[in-house]
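Presented sequentially are two complexes of chain A, the first with chain B as partner and the second with chain C.
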Partner chain A sequence: MTSRPGFVLEVDRSTPPILMWHGNSYRLERFPKGARILYPPEPQEPIKDPKSAIAQALESPTGDSKPLSALLHKGMRLVIAFDDVSLPLPQMQAPDVRQMVIEAVLEKAAEHGVDDVYLIAALALHRRMTEGELRHALGARVYDAFHPRKRLLQHDAEDPSNLVDLGTTEHGEVVEINKLAAEADLLVYVNINLVSMDGGHKSVATGLASYRSIRHHHNVKTMVHSKSFMDMHNSELHTSNWRMGRHIASQGVKIFQIETTLNTDTFPKPFEFLSKREWEWNLKDRTAFIASSTSLQASPDWISRDIMHKIRSPYKLTGINAGEVEAVHAKTLDKVFSQQLVNVEGQSDILTMGLPFVGPYNVNSIMNPILVYCLALGYFFNMYIGKPLVRPGGVVIISHPNKAEFDPAFHPSYIDFYEQVLTETTDPKEIEKRFEESFANDPWYIHLYRKGNAYHGVHPFYMWYWGAHALDHLGGVIILGGDPKATRRLGFQPASTMMDAIEMAKSVVGPDPSITHLHSPPLVMAKVI
Partner chain B sequence: MSKELPKITKVLSEFPFRRAKVPGTLPVERYKDPLGTSFDTEWARKYPIRLLRALLLDNLLRPATKLIASPEVYGLDRVNDLKGPLIFASNHASHLDTPLLLCNLPERFRHRCVVAAGADYFFDRRWKSYLWSGLLGAIPIERNRVNRRSAELSTELIRKGWSLLIFPEGGRTQDGLGQSFKGGVAQLALKSGTPVVPIYLEGTFEILGKNSERIRPGKTRIVFGSPIDPTDKDARNLTKEIEAAVAVLSREVHDNYWDAQLARYQDEHLSLTPKDRGSWIAEWNRSAQAPKRHTSPKWPRYFGSSKKT
Partner chain C sequence: MRSLVIEQNLRRMASAKLLAGTSATASLKWGPLSIKDVDPPGLPNSQWVRVRPLLSGICGSDLATVFASTTRYFEPLVSFPFTPGHEIVGVSLDTGTRVVVESALTCKARDLPLCRFCRDGKDELCESVAAGNIKEGIQIGYCKSTGGGWSQELVAHRSQLWPVDDSLSDEDAVLVEPLACALHSVQSTVLHGTENVAVVGAGTVGLLTLASLAYLFPKLSISVVAKYSSQRAAASRLGATQIVAEDELERSARRLSHSFRKGGWLSGGYDVVFDCVGSSKSLSSSISSVRPGGQVVAVGMPSQVDIDLTPLWHREVSLKGSYAYGVEVLPKERFTHLDLTECLSATEDRDGQVSIRTFDLALCAMKTLRLGWMVSHRYPLENYVDALEKAARAGSHDAIKVVFDLRKSKSVWKGKDDL
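Our next item is the complex of A and B:
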């Protein structure tokens, strides 16, 4: 059976209330007549035999590249870099696609007598993965074979002894990446492309880079000119990464890129109603919704969070391409778009979205207000090609409790950013100018990033820049059900009901506004015509 | 501020406690949904079902409606001599309207008549679709937007000799006052070249209005008007003409035939919808004239108090 495509539903009086994420829980919201709901396409059929598909991809590469077995020889150093815990979301059911691909690569390497193998988690400035997370991503076999030998490493963007300066691009961007990876005879990058932003040259040029290098594209100017991050042809972020990637290749770093795409089968059986269309919910789905939403809402936050973060997605492999970076990425993008893209006619005055419990930066952790901001304005807002779903000067309504709760182990610099920076200003340019340097070079944050499991000191700044394009574009942001104090700290307005939020939005966009709701899960991208 | 809690029965009767309706605006071409406008009603027009329906209509529904609604029928002479299929267009206030009108149509049309019913309301579930198409000969009509399938089905049936009973207001009135007519009837009449018989129906709102919880037997009046020939008319004017004709019929029973005819040519705003609809003052004035209803429960009376009043 083929999966049904996504579509835009116009709300009429027979339209049921629509499911909306609200942090660790979800609820049903009724939309006014005439509002548009953007329903995602259904998950695509997975590859029936992933093992042979992986083997096939490694041996019949895309673009100007030899097959993997022709690149392997005795006595060489092989480095396998892989995407970190921020992908996929939520974490997928075992076996993780990284495990499947890395095992296939290792088997080939063993067959060709390659003894000198390192595995590196491409963290960039993200937190180090925990043992449990590494075991989950790579599988116990790989972990137990490489970790005790100190051959399973996590990229350290602040370790001068393991970084190499490859010079600058024609635009003067410093290219500094992981030394082990740069000097290896072959660097195999194993990627998961959950959204179109991931992959391509960004994998190595960002994932294995240092702060000195990343700052050239993770800044307000680049972000404001990335319209959107999901559309690499109109994204300054990608243009910069592509320049760096090509420079890395020109410096003799040999990269064999393996990119995988997953379908959007996000929730396991007990929660499968979340991905269904409301009028197709059967008795079991409705019972599951009532029981789970009631109990999640009644539970303390730490319990509901714990339950939700224990969800493992039944994602399945829909495509794998290997070989030369740019040729591989072009194929990957086609696959991602075929899964996620829906055509939408015209922009609207108001865009509404429910935010889930997890974003790329709070896996097994708390979604703090800065991450709420980033997920909404950085990610969901940018899920478009062409024009944003909301018109310039429009309003975004976000549904999330937005409590001022932080994880001190994972997000220490976020706490200070929230207390020291956001109390002064919310303007990304001013924040960048006045505060970035001191946070980025703070020795304590660097220490926590290198030795603990903390995000880099500069990471909350990047989160803020991530939403700079949306802030530039929008006339206002309202957080439905958001904690009033925390919401105002972000520079937004809190509202208690959807009707209130729409009324408040009217003061910005005028009476009788058009509304579009981004229905999630699963992931959906809009091609706004 | 205290928040009024919704009635538990209301909550339980809605999604997610009940299955959600399929949205009427769903791009249907992607779904093979056998309900709504896609529901096939052909089986209900087969001879054995028609016979069964005729028996039910004449022997059960007719006495029942007589008992509940005591209809007085006027203007039958205007339709008695007509031949061929007709489109009967009436104002709409109650679920009682359809059986009442069906039972009181001239016999020639009564047993060869289909009823246009909202696809989103009467055909949203399998059991409802079978019940209404079988019992009343209902056919699904999309009332929120133009739907080619609905229009084609109605035209085809008219061409085959079936009369059509339709409520051009598109739904029951909320407050007992008339609503403006939608253009679908005129389109159908023009497309099939069939005359439209305006009908004014009064009294059913009081018996079983849109928000009534139970039936309160009462009296009703059904007035048939002269057929309107659609030839050489445009849809917009025809809709207006049908709406005005129903308004004239209402004046006919409230005032007299002559005043109604005068109004027909002199009153520019001939409609069942009052001009001041929506004004609270008008509503206030009207509410003073409305019949009083005893809404207090019969038992337990004076619950929690020993005082008898």
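Our next item is the complex of A and C:
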């Protein structure tokens, strides 16, 4: 049975209220007649026998690459790098696709007598994963085999003894990556391509790089010229990463890229109504919605957050390709787009979106206002190819409580960014110029990044840059149900009801605005024509 | 003449204290302060002159007295009944000139031989606040013999009067006394090598401390804790490098000093923190935010506090008070940006140290700073309840300095109304 494609619904009198995420909970909102709701495609059929598919991908590589077995030999050093906890979202039900792929690679390595093997979590400037997260991603067998022998490592972008300067690209970009990975006889990268931004040369050129290197593409100028960064052919972020990736290859780093794609089966049984179209809800779905939304809203934040972060997605593997980076990634993108892309005719004046409880950088943690900003204007806004869903000068309405709550262990520099930077300015260029260097080089943040579980000191800046293109494009941003003080701190306007928010937006876009609602998650990407 | 008077009435003081938390109006009504017709104070001797106030400020210590929220420490050091008001610009009825009053009642004003502190220019530590031919009182405004600024007339020793330059407005001039206090606290604390300081509180004392820091040490990085938006705006206008919210001071200290933090322990912090609030919370926060070996200066009059001194002990932090003014000694090479040629009392010794009375320095500084805009509200004496209520809630009511405006009140002496 083939899955139904995504589509655009035009709201009429018979349209029921639409589900809208609101942080750790969700609610139903009525949209004005004529508004468009962009529904994601249903999850594609998964690969029936993932183990065979993985084995086949490893031995039938894509592009100019030998099969994995041909690259393995006794006495060599093999490094397997893998995507960190920021993927997939929410975390998938065991076994995680990384575990399946890494076990297959390790079996092949064992068959060929390769015993000098390291695993590296490709953190870039993200926080270190906890033991529980590593066990979940790799499986207990791999974790227990590697961790006690200190062969399960997490990339440290601030460890000068384990970084190697590979020179610069033709554009003068410094390429500095993990030394162990760069000097291995073979670097296997195991990726999860949840969205089209992931993978390709970005895996190594960003995931295993240092701040000195990453800053060349994680900056305001690059982000403003990435339209969108979900569309690599129009993304300066990707162009820079591709230059770096090619430079890495030219320096003799041998990479065997393994990219996987998942379907959009995001929510397990008790929450499956979240993936359904509202008019197809049955009695069980309605009951589940009422019971869960009522209890989540009535619960203290920490309880509702805990409940939601325990969700494990029943994602299933839809594709795996291995071999040469660019050839592999081209196939990956085709697969991602075939799952997520929906054609949309024209832009609208207002784009609405409900933000869920989790984004890439608050797994098992709090979604603070900076992450709210990033998830909305960095990620959801950029889920397009061609043109944004909202016209230039339009308004985005975000539904989220947007409370000024922070996780001091994971996001210490975010707190200072919120208190000391955003009180001065919200202009990405000014923020970059005045504050980035000082946060990036702050020894305490570096210490917490290296020894604790903190995001790097510069990370909140990148979150802010992530939204730079949207800020450049939009005429206004309104946070529906957002804490007024925290919302104003971001430079946005708070609204208490959807009708209020639309009325406020009219003062920017004019009367009778066209409205599009991004009904996500599950993930959906718009091809605006 | 009309005068606000505080009497030593324990029942009324207890009522004021009890009611202050719930209703400022009730606290004032039942408290020790009242408006009265009284005789002008007599001149103790020929060295004293009559002064007719033009503007007289309401200070935090006045509020503490009126609302009886202060400790009883000062009771032996004042003489009842007294007229409050020690921030005064007025007219000398002797010469007809506009003057500001250096209100501290030290040896010279009391016609006593100079004590060891006054001899050293440390008038603020004077031993003679309860001696001499006038009654007890640390300053005009706390002494029965002198009267105070919240009236139509007071008396002051000639040595306490400083002529006001015509270029200064009455509003500028009424802030000279609190500015002198701020300059003293800043000048005596900021040492060579100090880079980062914080000012906790952005009421009048905090803002004047900030202004003094920016005036004397323009290269300093100054963080200010401001609670209200009007205070933030004022702090920004006065040159704060950074403005932080109440609970952000410790994190801003860590950020600025690029230091390490473990729980309440901070490896670095501000070199000096000026606490201009004086509460348990502000002092605790100040002690936690200053660097090991740094200084916390209590500038405003603190109340009784309950604070954990473990970080003070462990990090060898110094906690010191700063009161009033005296003589400041300025190493000339550190203050080349200041033009002190117009200061009447400035003298330079052979080592290049310039000695100058703080009040004189404040008058000179005011010509540059022009802080009269900080006088946000003026009230006639009769509206003292409104005035004191406004001053008590200054921050939340967008007020900074509240003053009594006596410029339209008639002289108590016939034929002197035009003065």
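The definition used in the following text is that the second predicted complex is superposed on the first by the 529 of 529 C-alpha atoms of A that agree within 3 Å, B and C clash if a C-alpha of one lies under 4 Å from a C-alpha of the other, contacts with A are read in each partner's own complex, and residues count from 1 in each chain.
The working rule: a contact is a pair of C-beta atoms (placed from the backbone, for glycine too) under 8 Å apart; a residue touches a chain by one contact, two chains touch by 3 or more.
Since the structure is predicted, the reported quantities are computational estimates derived from the model, not experimental observations.
Chemist: For the overlay on chain A, clash or fit between chain B and chain C?
Modeler: Once both complexes are aligned on chain A, chain B and chain C fit side by side.
Chemist: Based on the superposed arrangement, let me know which partner A:F289 touches: chain B (first), chain C (second), both, or neither?
Modeler: In the superposed model, A:F289 contacts chain B only, not chain C.
Chemist: For the overlaid complexes, name the partner, chain B or chain C, with more touching residues on chain A.
Modeler: Of chain B and chain C, more residues of chain A lie in contact with B.
Chemist: Return first, second, both or neither, reflecting whether A:E419 touches chain B, chain C, both chains, or no partner chain.
Modeler: second
Chemist: Between chain B (first) and chain C (second), which, if any, makes contact with A:W444: first, second, both or neither?
Modeler: Only chain C; A:W444 stays clear of chain B.
Chemist: Once the two structures are overlaid on A, work out the angle chain B-chain A-chain C from the Cα centres, in steps of 10 degrees.
Modeler: Result: 100 degrees, to the nearest ten.
Chemist: Based on the superposed arrangement, let me know which partner A:P268 touches: chain B (first), chain C (second), both, or neither?
Modeler: neither
Chemist: Enter the shortest inter-chain Cα distance between chain B and chain C once the structures share a common frame, rounded to whole Å.
Modeler: Scanning every C-alpha pair, the shortest chain B to chain C distance is 25 Å.
Chemist: Take the contacts of chain A with chain B and those with chain C, and give the residues found in both.
Modeler: On chain A, the chain B and chain C contacts do not overlap at all.
Chemist: Would you tell me which residues of chain A are touching chain C in their complex?
Modeler: So the residues of chain A touching chain C come out as 415-416, 419-420, 423, 438, 441-444, 447.
Chemist: For chain B, which residues are in contact with chain A within the complex?
Modeler: Contact set of chain B toward chain A: 15-17, 19-27, 30-31, 120-121, 124, 144.
Chemist: Given the complex with chain B, which residues does chain A contribute to the contact?
Modeler: Within the complex, chain A touches chain B at residues 4-5, 7, 9-17, 28, 278-279, 281-283, 286, 289-290.
Chemist: Residues of chain C touching chain A in their complex?
Modeler: 242-245, 248, 251-252, 254-255, 258-261
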